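The structure appears below as structure tokens.
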Amino acid sequence: MEAINIDFAALNLITLSPMLITLLGALVILCIDLIKSDLDKTLYVTLTILTLFVAIGATLSLNINERGLFNTILIDGVSILGQLLILAGSMLFIPLALTKRKFHDFSYPEYFALFLFMVFGFQFMAASDNLILIFVGLETASLALYTLIAMHNTKLAHEAAIKYFTMGALAAGFFAMGAAAIYGVTGSVEMDSIVKVFQSKMSEPSIMVPIIGGALLMIVAIGFKVSLIPFHMWTPDVYEGASASMAGYMSIVPKIAMMVVAMRLFGMYMELDIEIVRYTIIALAIITTTLANLMALVQNDVKRMLAYSSISHAGFVLVAIALDTTKGYSSLFMYYSLFMFTNLGAFAMLWVSRHKYNVHHDRFHHPYEKFAGMIKKAPVSAVIMAIFMLSLAGVPPFSLFWGKLYVLSAVVDSGYYAVAIILALNSAVAVYYYLKLIIYMFLKPEDLSQGNVVYANRSLALEMVIGLAALATIASIFYVDPLMQFITDLVGASGY
Amino acid sequence: MTITLTHYLVLSAILFTIGLAGVIRRKNLLMLFFATEIMLNAANIAFVSISSFINDLSGQMFALFIIAIAASEVAVGLGLLILIYKKYGTLDLDKLSTMRG
Amino acid sequence: MSNILTVLIFFPLIAAIFGFMVNQKSIRVYGITVAAAEFLLSLWLWASFDSTNPGMQFVEQLSLIPQFGISYYLGVDGISLFIVIMSTLMTLIGIIALSVKDDIKNMIITLLFLEVAMIGVFVSLDVILFYVFWEFSLVPMLYVIGAWGGNLRLYASIKFFIYTFAGSLVMLIGMLYMAFIYHSTTGVWSFSLTDWYSLILPFDVQKYLFLAFFLGFAIKVPMFPFHTWLPYAHGQAPTVGSVILAAVLLKMGTYGFVRFSLPLFPDASVAYILPVGIIAVIMIIYTAMIAYAQKDIKQVIAYSSISHMGVIVLGTFAMNTEGIAGSVFLMLSHGIVSGALFLLVGVIYDRKHTKIMSEFGGLAKSMPNFAVVFGVMTMAAVGLPLTIGFIGEYLSLAGFFKVSPTLTVLGGTSIILGAAYMLKALKNTFFGPITNPENENLPDLDAKELTALIPLVAIVIWLGIYPKPVLGPIDTTTKALVQMMHNKAQTKEAKATILVSKPKKEAK
Amino acid sequence: MEAIAFYIFGVLIVGLFLVTILSRDILYSMSALAAGMVMISGLFFILGADFLGAVQLVVYSGAIMALYAFGMMFFDATREVKEKHGSGLLVFILSGASALIMVIIFAAPAIGNKIEPLVQATKGVDNPHAIGEVLFTKYLIPFEVAAVMLLVAMIAGIILASKKMDESLSEVYVGADPETEKKEQV
Amino acid sequence: MEKYLYIALFAPFVSSLFSALFAQQKKMQFVGIVAPILIGISLMSSLLLLSHVHESGEAVRANLMDWIVVGDMNITFGFAVDQVTAVMMVVVTTVSTVVHIYSNYYMDHDISFNRFFSYLSAFVFSMMILVMSDNFLGLFIGWEGVGVCSWLLIGFWYHKKDESKDVNPSVSPSWAANEAFIVNRIADLGMLVGIFLIYWNLGTLTYTEVFAQLGTLDHTLLVWIGITLFIGAMGKSAQFPLHTWLTDAMEGPTPVSALIHAATMVTAGVYLVIRANPLYSQIPEVSYGIALLGTFVAIFAASMALVNRDLKRIVAYSTLSQLGYMFAAAGLGAYWIALFHLAAHAFFKALLFLGAGNVMHAMHDELDIFKMGGLKKKMFWSFLMMGLASLALAGIYPLAGFFSKDAILEAAFNEHTYGIWFVLWLTAGLTAFYSFRQVFIVFLGDERYHEIGAHPHEAKPYALWAMSVLAVLAVIFGWFREDFMEFITKFLPAYEMSEHTHHMVWILTIVTTAIAVTGILVAFFKYSKKLNRSEKTENSFAYKLLYNQYYIPHFYEKAITKPYAELSEIAWQELDMKVVDATVDGIAKTIESSGDVSRRAQDGNLSSYLKWMTAGFVLITIIAVISVVIK
């Protein structure tokens, strides 16, 4: 047996740099904890942010369309974009740990290490087209995420974590089976070769059954992660049980990572004109937006409402994947980058109002009543929250309107007028539940019996995060164009 | 009679479904986790059999990683179960339905 | 000042933001000052407007999202100029007559935001910019109705918001499709209205696009059967809310028809004359009847608004200069008159806290000035010649007569039915003996109310007698518009229906 | 020969796993699972995947089962588990439909047909060797990530099971905040 | 001459504005002086214009300014004083001046004295616009303007409360005002349609241009234009079936009835037909219809007057009847005769009303003639003047009515429309009867006014002097028939009697005079001594039918007003609220309740979540299969 010769340059180790940086950061935090255990969370938060910052820098310096490490790492525009969004999203959400009140999760330095490990997992999901690596990355991130949720250490958090975990395990089974089906047809677990084999075998009889079957199994797994109905069942419960900061995080970053995977996987199908998958995805997307909107209408708790709303948004965006146009994919990233800020703001506002006694409701921590008359108690906060709500509802000129505009435009361009109208009308339904909060805040008489519960958890860091989110939401018009340019360039460069 | 790949795959499919049935049937969380293991094992059988029939190693690699994943899941899952058991005193998932609607 | 339109849009915005710093007690004066300044600015706009130029003036264009063809593109022509002026005027009047007691600061700031949105809608030449202002205008109005409204205010405000929002979203799809077509024809993304004007669309595409836009506008107008949000909104809104809603916000819908539907889809517009005309006629007669049945005087005026909007729609779809110019003029006159009527209802509501007509009776005796102003506005509302109401109504009906005499006669019943409900309301409120002793000593209009109302009375009469300064620019622009539609029309039917005016004879 | 072995193993696996999901006794269930895993490793050996067979034995039947056993001790699993089973019909329909779908997908003749292998084992090298070669070249990165994953699992297990979780800083209580009330009284 | 034109036009306007300044204050005597003076100035200017037109034979034209200039439409405030206009102006201003002076007496104690003058002058202004305008839309301004002033003046005593119809057939002044306005609006719509037809077919609305181009239009179109314009005229001149408002309009102060509802405004319809004579002479079938309708209204109104007991309503019916005569004349092509009768009628009818005003004042606003009687002693001058006016109305030689009414009958005879002639002839008799029935019941016979405790007194002298102007005109106006004809036929088509008619004239005159005299005599014998009432007659069907105005107001109320109100209520409560709005709310509620339904799936139980996930897998497979099938 001869020695294996590996050309070191061909490994293209640089492609791994962003992930390595995150990993290093996590390990450093663990080591610091080992050395000195009574350090404050501010240190870890800062370290985490710095790590992510460096990772962003590393990501930006990558060359587009390179592969590394035996083809397992794929750096194209989409993976750069995905990683950037993941890193930026994480960076925006982690300062939410700097609260006024003490919470269980942030008392562990491991929390921040796990957080970085999770980001590390997501990065691999975005930066690979190898199903194995994607799966391992996914599980790394998911296991860390389950733990992070449970670490909030409330009864509901535990319930949330176990629900998420169990459904995640089922989804993992589907993912494995789906991958097996695809592997069975193609003998490959790498998408670039999978697509080639698909192409060459399209004429074979009954080939469609395993190909589409694999896709369906994958849809279950992906649908679970991006919370499509009916694989969404965990979402509202987990959002409710988890801390608001974690819930907000979950509504963005894991979904972006999974959306990238979905893009790669289903993009492959679209490329081959396997319309069935396209229709299935569109149908699923419509079901998701519609039903999620309906359920969000009747919620009594703002956090739960936001959970359903983010399900609905995910469904809305999913249509963009089914279009298989550059504009569609770009609009997806566009949407999520704008959604990130708005949802950051909305959940951060909830997080600010986190206190330790459920005053208004036995179970709900953020019932609508809690915000009644907020305009009197905290006018600026109320206005900002209202702006986030309007943005989520897609009222111009706030940021998410532009996202909606691009997505709808992409849908219209591809000729799916009926879909566009359904999505538009869904937005009209959605307006109701966002307005409901605005109405509570602005138009209902205030509840004087309680102190400033809407301020309970306020701290400078949180204010800054909210301010940033509000700024990004209001002033969107000024950066939409460069952002869109950037995204379109990157997406276009990867051949989507 | 030769055993073809299809035999293995059908076995895998059946096992997967058994696992699935277990997942949707079980109310005890611990036993539910057993069922998820079955599903992963079914996938393993599929991967390994395909791998060996087409003489390709990626399938076996996949199976290997699935085993690793299964192990990790057990670790985290058990940790969660312990938490739940401490808080709720039971592993019956019917008791875990505070959050609904 | 070539960037006067930008100033017009951003001046109230900045003023609103600074308004947060002004003391609660001084805020009313602040509001009046700002609104007056804005009004003067809009008058300046008029003064420097070139009446002989039918095209867009004071054009400003600044690319916002170049790759998607969205720009900050403003301009006014004869059609939008006066609606802008009316918006600023009604805001000013509304603030002067403001009678809310609590949170007056929030109210004034909200009104200023609303003013930004209103002006923005009418001066935007970029479709997305138009849409942005269009949607944004809902937010302050929601707050105005919801915070200062009556018992059902939350229901009314939500209904208002969601109904119009739903319609305009469908319109947004239409806009995106239109942009897509523009892109596929020219290879360039553009949302500029003037670019879109140059596009000649195939007939069947026009039909769908027309319907998409129609839904958005029709809900805003509001056309039967999408009108039910309006009575609630009016019924619950505070006076100033009703004034601005009736005077300006409703006009966005009909303005949309003139600005978008007609020039973009001339063939489809002609093809849909009959259904639209029938809806408009139903709307005129049906809501006039409902207005007759009302017990609440504000609801009478609310439903009468719908009825009048029906006449405006008829005029718009007349496809000739007379009708379109008339409908634009009727937009103005209806804005002034219904605004004034809502103000007047507000006057009595402030004194009695009820709007039910049976509570009144004989008010002409205790409040003579009030009765006189109300009478003048009633006469303007029923379209008496030499008041502002006649010209628009006459021209709209005259224009539509060319298209369909039968529908015009049916729609013309508005002059009968309108008289019926308005005079009934007037009689029940002002005439007869004073049945309720409380009404004996109601104070007549005070200085604040007179300040708000007298300019409106003056305008009603001035423009009724000498409409030329306003009608002239409208005429010039409308002629060009009709000419453009005629040139764009493809079907024979459309060519024949869209009637270009003869070139004006040189001065005799 | 292969056929016999396959059928024996197949029937046994199916049977054992059925016991796993149907048994009311947690011990039976677990034992059946462990036995089933062992049988699966047998299948792997038949298929020539020696290394995986070994790993399956060691990891599953060894490590995972040990973990579960520890867990069971903690949970006092000797009790018979009472489960309320709702609609058996629903479970039956769902699993039946899924079985049908899965079998149709995986029985399709296209699977395994005329496939170029992606990572071919070097000829004449035994399976563990070949696996090692691939694992440390092509799949090095997944391998490393898997290592991180195990680290995560370890940390997670330690944290979640630790005593520190017994008392919560974050728990939410129902009722008025005593601090606010105090302030109000003052 | 333009100067006088503007003076004639704007003097009433100034008067109105001047009075309006003090409208909310207590009575100010100078208002009552200034206003008649200004109207008088208008009268003087009108006379000057008349003489100018008479001398030059040319119309005076003036163009004040542009009004509506849009598209091809170019409407100006243009005025033209030709022969017809000049006559109308003089008639209007004359009667107005008298009524203005008289109002000083009649409204003496009214708290809204100043306001009254403001309205009255505004009416004169509107009427001047109506007659002076040189285009149809200008006419329409005046048309609507007089409508509004009429509305204001009928409802002048707005504070009176609504009575039931049995107590007061007109319910209340404000009710009557609204009725008048709305009924007129119905007609106005017809007129607007006529204007639209003219505009879109001829491209102009100026009289001269329109009439010059009439020949280019086809006949059907002309018929349509003729009908729609006449519908407008029907409203203003209260022709059947739009006549009910006129009697109800008697709720207004009596000078108003004299000016508006007898002399001027109601004749606007006749004016319009006369003005549009080039049109109507081209469409004889429509003209004939107009004549028929006029004839019908003449006898129809006269029949109702026979039994009425209301002082003013009787006069109102006679007005209606006389308007019928005018339309009959105009319809028969005798335009100048119609105009002549219009002028003569204006004088004697205004006089009659003013006399009735004196009586009302004397009787403290009592209107029931059966409660009066024997007033001659106290009010001789009033008796004299009302008697004169009634004689004129009855068409007794040599008063004005004789000349004008006779001419109409002759024209009817001349056209060989003997039916029309006969009906009109019969009506002449009825007219004589009911007018003298009124005069005799009121002024002769026993003094029943004591029962209601009235203390009658004669009107103030200046009021009588003012009336005497009208009295003189009522007497002498007819003598100028030939001059009038000569003057007016320069503009209007002359109407030539045929040879045959010429021979018959004296027979016709005798026959007509005979029946008039018969009517007077019957009235005299029946009512001059004492009030003869017979239960039997009053209970007879015919009497009741007439007394209740053929039940037409009842019919309108049952068939139009009430159903409209009920239908409106249904449209609102049942249709708008329960169908249209409920649909919208229903959609919203359906959406919300489907949200409630779908959230039930989210039951919090992990096991069912897992089941849903599995079901989802099955579901997407089904979707996929369906999409295969669809494809």
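Letters A, B, C, D and E mark the chains as written, and numbering starts fresh at 1 in each.
As a convention for this text, a contact is a pair of C-beta atoms (placed from the backbone, for glycine too) under 8 Å apart; a residue touches a chain by one contact, two chains touch by 3 or more.
Since this is a predicted model, take the numbers as computed values, not measurements.
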| item | value |
| --- | --- |
| Partner chains shared by subunit C and subunit D (touch criterion as defined above) | A, E |
| Innermost chain, taking as reference the mean of every protein Cα atom displayed | C |
| Selected interface, B-D versus A-B, where C-beta contact pairs are more numerous | B-D |
| Distance from subunit E to subunit D - Cα centre to Cα centre, in angstrom | 98 |
| Rounded Å distance, subunit C centre to subunit E centre (Cα mean) | 36 |
| Where subunit A and subunit E are represented by their mean Cα positions, the distance between them in whole Å | 78 |
| Separation of subunit B from subunit C, taking each centre as the mean of its C-alpha atoms, in whole Å | 65 |
| Multi-partner residues of subunit C (each touching 2 or more other chains) | 162 |
| Per-residue overlap in subunit D, given as positions that touch at least 2 other chains | 91, 94-95, 98, 101-102, 105-106, 109, 111-112, 115, 117-118, 138-139, 142, 146, 149, 152-153, 156, 159-160, 165 |
| Subunit B, residues touching no fewer than two other chains | 5, 9, 12, 16, 19-20, 23-24, 26-27, 33, 44, 46, 50, 54, 56, 58, 61, 65, 68-69, 72-73, 76, 79-81, 83, 93-94, 96, 98-101 |
| Inter-chain touch pairs (all) | A-B, A-C, A-D, A-E, B-D, B-E, C-E, D-E |
| Touching residues (chain side subunit A, partner subunit C) in the complex | 375, 390, 395-397, 401, 405-406, 408-409, 412-413, 417, 420-421, 424-425, 427-429, 431-432, 435, 438-439, 442-443, 477, 480-481, 484-485, 488 |
| Partner subunit E, residues of subunit A touching it in the complex | 162-163, 166-167, 170-171, 174, 212, 216-217, 219-220, 223-224, 229-231, 233-234, 236-237, 275-277, 279-280, 283-284, 291, 293-299, 429 |
| Residues of subunit C touching subunit A in the complex | 64-68, 106, 128, 131-132, 135-136, 138-139, 142-143, 146-147, 153-154, 157-158, 161-162, 165-166, 169-170, 172-173, 176-177, 179-180, 183, 208 |
| Subunit A-facing residues of subunit B, complex | 5, 9, 12, 16, 19-20, 23, 29, 32-33, 36, 39-40, 42-44, 46-47, 50, 54, 56, 58-59, 61-62, 65-66, 68-69, 72-73, 76-77, 79-81, 83-84, 87-88, 93, 96, 98-101 |
| Touching residues (chain side subunit A, partner subunit B) in the complex | 131-132, 135-136, 139, 143, 146-147, 150, 155-156, 158-163, 165-166, 169-170, 172-173, 176-177, 179-181, 183-184, 187-189, 236-237, 240-241, 298-299, 304, 363 |
